[in-house]
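Consider the two complexes below, in which chain A is the common component and chain B and chain C are the respective partners.
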Partner chain A sequence: MGDFPHLLFYGPSGAGKKTRIMCLLREVYGPGIEKLRIEKHNFVTPSKKKLEIATLSSNYHIEVTPSDAGLHDRVVVQELIKTVAQSQQLESKTQKRFKVIVLTEVDRLTKDAQHALRRTMEKYMATCRLILYCNSSSKVIPAIQSRCLAVRVAAPSVDDITKILTTVTKKEGLSLSPELAKRIAMKSKRNLRRALLMCETCRVQQSSLSADQPIMEPDWELYLRETANMIVSEQSPRRLLDIRHRIYELLTKCIPTDAIMRGLYKELVHNCDGALKTELSQLAADYEHKSHLGQKQIYHLEAFVAKFMMIYKQFIEEGLDEMMF
Partner chain B sequence: EGVYSSEESMDGLWVNKFAPSRYTHLLSDEGVNRSLLRWLKLWDKVVFGRDFHPKKPTEQKSFNKDKQKTSEHFNKFKKTETTTEEEDVRELDSTNRPKLKTALLCGPPGLGKTTLAHIIAKHAGYHVVEMNASDDRSAETFQHKLEQTTQMKSVLGSDQRPNCLIIDEIDGAPKVWGRKESYAAKLNGNFTLQAAINILLNTLNKGKGNEKKKARKSKKTATGVLMRPIICICNDLYVPALRLLRQQSYILHFPPTTSARLASRLGQMCRVQSLDCDLSSLLALCDKSGNDIRTCINTLQFIQSTGTTRVQMATVKSLNIGQKDQHKSIFHVWNEIFQLPKNQRKMDKDSQTVQQQMLEGQKVSQFSTRFYHILNLVLSGGEYEKTLQGVYDNFLLMKFKNSGMTAINKSFEWLLLADRINRHVMSIQEWVLHRYTPYIFVMFHLLFACITPPKISFSQTESEKTQKSGNLLESMFLDMAPSTRCFTSQSTAVLDLLPHLLAIMMPNFRPVNMLLYSSNEKLQLRDLVQSLLAYNLTYRQERNEDGQYIYVMEPNLTEVCHFVEPLEGAKKQLPYAIKQIIAKEVETERMRRSERILMKHDTTEKQAESSNKPVVPNHMQRLSHNISNSVAPEKPVVNFFSRFTKVKKVRENTKQSANKEPIIDPGIGCSQLWYKYNEGVSNAVRCTVYIKDLL
Partner chain C sequence: SGPENPGSKEIPQGQKNCMEGLTFVITGVQESLTRDEIKSLVERYGGKVTGSVSGRTSYLITGKEAGESKLNKAAQLKTKVIDEDEFLGLIRTLKGKKSKYDVSDDPPRNTRTPKKETIKKEPSNSKPSPPKPKDIKVKKEFPSEVTSSRPSSQDSVGSLPASQRLVAGGDSDQLMWVDKYKPKSVKHIIGQQGPNSNLNKLLKWLRNWHHNHRTAAGKSKPKPKINQWGGGDPTGGSLKAALLSGPPGVGRNNDSDVSLPVHKTQIEFKIFILELGLSYVELNASDRRSKRSLKEDVGTSVQNTTISDIFAAKPSHSQTNHVMIMDEVDGMAGNEDRGGMQELIQLIKQTKIPIICMCNDRSSPKMRSLVNHCFDLRFQRPRVEQITGAVMSVCHKEGLKMDPPAVQAIIRGCNQDVRQVFHNLNMLKASGKSVSYDDAKSHAEKAQKDVNLGIFEIARKVGSHLLSGESQSLSIIEKSSLFFMDYSMIPKFVQENYLSINPFAAKGDAKKHLELMSKTADCLATSDLIDSSIRSGQNWSLLPTLGLMSTVLPTTYMCGGMGGMINFPAFFGKLSTTGKTHRLLQELKFHSSIVTGGTPEQTFNLDFLTYLRWHLYRPLQVQTTSGTSEVHKVTQLLDDYDLTREDFDSIMEIGQFHGKVNPISNVDSKVKSAFTRLYNKESHMIPYAVLSAAAAKKIRKVATDNGGLGSQVHDGSEEEEGMDVDGMIK
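Right after this comes the complex of A and B.
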């Protein structure tokens, strides 16, 4: 009773993966799981580099983001699991036999670390359970996927979000018009976290919520949209240089490469016709993949933009030629 | 009328045999020679006790008059030094020493710097003591030797001339670029070098400190003051360790000897050695060696030793002179990458591979010349990553032939390859792959090189900025409440949370005293404070450049979230007063929380809290018997001390909603304000104040 296999939660951001994990843990261990503390663990890589990784732990579980260690995440995964798993619980009657290790952002783990994980997962099955969670299961190697019970957490539908928003606002003693709730739900792109934040921002901006009130969008999204428009409006080396500065700006604000790439793609795809759309999608996928193999993210993003500029320009010129004849 | 006469010939290296033995034989630039000699002569006053009256620069010929030989043919080398510099140098300080105590000769190897220093010192009547890289240069030995040479003098023996110290190769061991294992050694070397130079500087500065003292002590020279000239020689003037020395030295740059002059001298040499040669092949030799005198002479001797008696153009061309490991500056590398070569002849000399191909009768295209040139350049430069960054920064600024997008795309393919190689090397230490990186620069050269000299700019700011916002985020995460942190990761924080949180942090409060807030507003404020604490944010007072106080967010996450250009409607700023209120509230709430934790440890307090009954103070026990049962109306109590204890108000307010316990009538009991008559004491009005209320 109360036992479970290794779990792999995957789904888009703001769908409720972490909430489900915490609920599960609470169900298994009781409210003691909520007494959290932050601990610092030190690791030494084979190249004698010292790493300090912050973990979040209760008496029953430990949560760590191995991708914080960058290239050296393999060491973190191995060492941490070993130390946790090797200590057995003293009272097996009253306590659970196992502890839980929560690994976040597994899709950002290097292949090395993932391979290191698969043996450890089997070896320490007796004393610990792993809960992995990530946005996309496609970046988790099949070997790990097959060792886990995969739980897909889909993004909540627009209706779900509207319902949740209404209940939340009711609890806060506000009245939210269904139109605004719907608008927020649409704007949030089915991201519940964002929807709630948007709702709270609306409340702060205007203490009584009205149906046609503006909904705040994050700065970086607006910035990215403007960048995409710049790409479409002109294709030249000079413009590419401007784009570079803007991408730099985004990167320095810690916006992840994937988010930039995805954002650009989504904006650019609006401006493309059929054949070009598929080509663009392929390009985006290609460069996104390459960016994971490299180090300097700016190169990859800019290469993507440059390539798109080229094919877009060709496309436009061909279109013009056809118009002429 | 050559410099060399045939009877001088003997065995040994030609370099030593034909080394100039007197001032007039020097091959180096006349201006430099003169300047150094003049500087050395300035020491005459203190070393030999005789005045030195420099002649006007126009009377060049008389300059060499203490040597009986005045050689006419040197006069054609005009002075190049500016006179203003000389005026500077000519001044003596209070101890009759020249203002700059050391001379620093710098220039590429093989130009005769060491030779010049020796000859000039000898010429001015000194005994030369040389220290070079082959000597032990630990700090102690350096100090010892320094003292020995500058303060002592050989008493016995024939040579009673004063010493002149020449510190050769002061810039230390040659650097090995791009190799990790030698890094520690290099650091070590630099460290001792720095120590040695510090000692040298100390010696130089000794005079300065006790200058005043010496004025009183009249002519008696203090011990430890540098009384002998020191000449330092280096190849690279801009080694970090030399920075301080540079400021205190008379710096002489060595210009390369002109090919023609060197070739004519080599010709004389060949005549002495009865080696047949023509001027053009000698010129080619000079060119090939980069006007390195030492290499030229050695090469000539080598040619003779192979049995040939004639030096021909073909022999010179076929020679494999070791290319010197000169460190080219990174800007030079970038310039070469983005610039088309000027003339063909110059290119030939640089790349041996091409020459070999030429000898083998292959046809060499211009492309392959350029190819090998860039390849060699980058290889010798090392530091691929930095070079690549520079190339990346600049290649879009180049001129493009056609619209350019194809070229750019091609270059990006190469860039990505370089990046991938780099990542691979870094992750599994497979350094072998690095050998492919230089070809990428060749590609860039072929794609983007143009005739006009490029304007290269280089900045390293981007990575620093990323570092900065990363640090800001990290500091936010560091003290975040664990229960909040559980649900936030760095990426979600940046993408979803922060932009909204910052907006939430700017509520529409009225800029009035907090006491005047409606209950709704107070509730909102409380919520805001809670969430700020959960995310470990607050406003911090700071003084801006104008001297005004402003409140900035701490950690300043606005830097992470807001972009340079204001997007549709400039960001509204919270008025100062509101920020102040929020900051204060956050502070009090934080203290209250920490106090609560402390109180939990105190068991009695805990009991009182759990029973939720206020402890009735002593004085009220007597008074309360008639009012204890009356229920107070639910309005906030205001006493006339409320101004001082306004913090308490909020707290009371929040408490009120929490515990609906009947409150005692605001008569005498609950207002915490009471009157007690004490005979002879005037402090009649009292008020209970707890430390926690003041916080």
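Right after this comes the complex of A and C.
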């Protein structure tokens, strides 16, 4: 008993994937799994570039983010994971037969790395189990998906989050009004991690929590919202230039393109109605897809904004014309 | 922006040279002629077009959207202001003149003494070239008695052996012009005649060298002056070596008559040095210049006296006629020349004779250490005007009739490469006696040389051709050939700047403008897809398509007036900032991973960062100078997450969006220092090794100590190795 196949956890951020993985490992290996250490491993790519990858490990498992190595993630998969997977456990009586390798952010792995993973998963089944986790299973190649038992972890419902927030605040000796709990849960977009952070911030802002107190949102989301409002308020090449600077600002803060695209879309779609809504959705999907194929993200984001500016301007002017007649 | 009705007016045929001596300034958009067309008209008739109105401007040609400042200035200086029609009228009415440059009928001026003509083959013939065993060519053209009397150029020429003169005089008619009109003395080198020219500076420096250094060398104790390397010292008196630098290729190997004594211009250096009556030792890239060979071969020779000096009557004059030339110092690299640069610097410090170093690329990182020890002389390409005179005089001597504008057209076409100018003229001469401006221009266009453009030249080209109204008249082929000048940079220039163009096609209609803008952006987005396909799949055959999508189409859509300057693509800067943020985030994630259970970097950035940052700066903000210690909370929080003081800074930096108030900026500096003090005082248990800056330095020092002096500067890779020592080992 205590055995399991390769696993693939997927679901939105703050839904509890990692928590479930840790619970599973604890169930299998006992509390020893919580004694963690961090290490750095060095690799040399075939092109003689030196890589350094940080891992988090206990006696029973090792956690790696191969995508840290960027384009060279295949080397990490080949070298590190294979070495760990190949080594046998010394005492198979008291210990489990297998080790566990946790791979994070699998959806950011290159195709090459994912293909390199396929064989490893089959060959070393006897000595190791892989647990992969990622936000979206769509970027994991089907070959890997079919080798894993996929576990979808959905975002907790608003009610769930409210309940958890109430429990946590009770343990902290605070009283949280149901209204505020609900507001936080809504604001957090069903991301439990964020909800807890918001709640804690609220507590520091105001030692006694009141129902109508402001809830802090991530800076980048605010910045993105301002950007979207700028697009709606004026459509001109000069404004696009401003938007470009703002998008650059977000990109240099390592905000991923799809997050920017999603954020812009969600804000822009509020200002559209009917036909324009579908058109915008179509556009956003189109340009987001292109941005994944391309390399210079700014080109695609800018093209998206430019296109939206054009159709929005047309839409507004048509609306005005209709009003006139 | 372009003319409204191009070609609508007939261009009259004027009389020859009717505009000679007139200067024009063009402003605004004309009805039928473009700026270039007017310019070429003016030049055809002997006139000149300048950029701004001055006292010497004869006419200001105005059109629509004329420049305000130019008009004002013209009014102030009472310059005649004319429009296009009047300009064409001028061509019709102005009387032709005889050009003062017209040489065909003038009696040939006797510019050169026959004596000089005879010695065109300077001693290069007589070089005793067989390389000596150690690859050092030691040349001693002159016995020391010549040098001791410090001869003028004429004297030194006169002292040439008679046989040599004969050899040189005989075959001058068979020679190409380039060789025929080789510079024979310092005075013939173009653009270096002025008292402040580099060559003169060098001359002075060499003359005073021994005077400046005798004491220093004698006592073998550096004068305090030596420390103010070059700074503010225009004569370089305190420096023992000179560094000559300048662009390669164009006009280097000493072009006829005219030339810039840049790098590799040994010939004129030889002339030059010979004029001073010096002998020299030369080392160039074909010689091995490693640390050892320099030390063994050259090190002794720079401290040597020449044999003739030993036998000379006055020992105090020893070594005054000896120079060492290190050519191509920027090419000292690789295994062969390992440690050569350090040794050279060492040599410079000890030398008893002047050392002249030459290089192309003064700004190269390899040169950085050397520059400090050298008297820095930078040579530029000679200007068109500087070359014109010399070329005209050669034309005159050869009986080739050419107008100055025609000559200038050729010079420009050859990119100021004097040698090529002469070859071209030589060829023109073969086909006829006189060359008109139009012939010359078309010829120059054909003869145009391919040059490697620097990034700023590319920017200028993009600005003046692609991203301006001019692009209207360019064909697809022309545009895509512009793209091929640098297929990775030009698209980025287009992308950076297309938004500041006011396209003609929109005709002021905002909606149309937006449409064009969106089309352009789409093209650029597609070009990115093509680009990544090229680079990831090696599909280089797609390059023309990339040119079409990234350069040709966007500039066709957005063809119009450019508001403001061309901007350098921000893309690169942003990319490296992104890289830096990514590195910082990875570090943060690594440090905090035990507590956060290995939260992925992205999640850390998107969810955690804002809140963590807030919790870190909030206590500092509310901290009053006398109140309870809120600062303690910050250090506690850092400790809880296993973060360091550096991480605190990087969190503040990553969370800071442009245009937002920096929460740390209004924190009292006392609080800040209290925080730093508290943090340093406490001991921190962190589950990883921190490679602090000091430790890193120490490791590097150890590495270089082991590697010895030689391995210090040369390869960046060695330094990296030093850094790569495992972070876990303290």
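FYI, the second predicted complex is superposed on the first by the 316 of 325 C-alpha atoms of A that agree within 3 Å, B and C clash if a C-alpha of one lies under 4 Å from a C-alpha of the other, contacts with A are read in each partner's own complex, and residues count from 1 in each chain.
The rule is simple: a residue touches a chain if its C-beta (ideal position, glycine included) is under 8 Å from a C-beta of that chain, and two chains touch if they have at least 3 such contacts.
Since this is a predicted model, take the numbers as computed values, not measurements.
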Open item on the list: Should chain B and chain C be called a clash or a fit once both complexes are overlaid on chain A?
Closed with: clash
- [ ] State whether A:283 touches chain B only (first), chain C only (second), both chains, or neither.
- [x] neither
Open item on the list: So in the superposed three-chain picture, is A:306 touching just chain B, just chain C, both, or none of them (first/second/both/neither)?
Closed with: both
- [ ] Considering only the touch criterion stated at the top, classify A:176 as touching first (chain B), second (chain C), both, or neither.
- [x] neither
Open item on the list: Quick check for you: in the superposed arrangement, does A:50 touch first (chain B), second (chain C), both or neither?
Closed with: second
Open item on the list: Per the contact definition in the header, classify A:42: touching chain B only (first), chain C only (second), both, or neither.
Closed with: second
TODO: Examine A:231 and indicate which partner it touches, taking first as chain B and second as chain C; both and neither are also allowed.
DONE: neither
Open item on the list: Which partner chains sit in contact with A:207 here, chain B, chain C, both or neither? Use first/second/both/neither.
Closed with: first
Task: Residues of chain A at both interfaces, chain B in one complex, chain C in the other - done: 13-14, 18, 22, 36-38, 54, 56, 63, 65, 104-105, 191, 193-194, 197-198, 200-201, 204, 216-220, 223, 235-238, 240-241, 244, 248-249, 251-256, 259, 290, 293-296, 298-300, 302-303, 306-307, 309-310, 313
Task: In the complex, chain B residues that touch chain A - done: 392, 396-397, 400, 403-406, 408-409, 412-413, 415-416, 419-420, 422-423, 426-427, 429, 462, 465-466, 468-470, 473, 477-478, 482-483, 485-487, 489-492, 494-497, 499-501, 503-504, 506-508, 520, 524, 560-564, 567-568
Task: Parts of chain A lying in touch with chain C, wherever the complex brings them together - done: 13-14, 18, 22, 36-40, 42, 50, 52, 54, 56, 63, 65, 68, 102, 104-105, 108, 191, 193-194, 197-198, 200-201, 204, 216-220, 223, 235-238, 240-241, 244-246, 248-249, 251-256, 259, 287, 290, 293-296, 298-300, 302-303, 305-307, 309-310, 313-314, 317
- [ ] Could you pull out which chain A residues touch chain B in their complex?
- [x] 13-14, 18-19, 22, 34, 36-38, 47, 54, 56, 63, 65, 71, 104-105, 110, 112, 191, 193-194, 197-198, 200-201, 204-207, 216-220, 222-223, 226, 235-238, 240-241, 244, 248-249, 251-256, 259, 290, 293-296, 298-300, 302-303, 306-307, 309-310, 313
Task: In the complex with chain A, residue positions of chain C that touch it - done: 495, 499-500, 510-511, 513-515, 517-518, 520-522, 524-525, 527-529, 531-532, 535, 570-571, 574, 577-578, 581-582, 585-586, 589-590, 593-594, 597-603, 605-611, 613-615, 618, 654-655, 657-658, 660, 687-688, 720, 724, 726-728
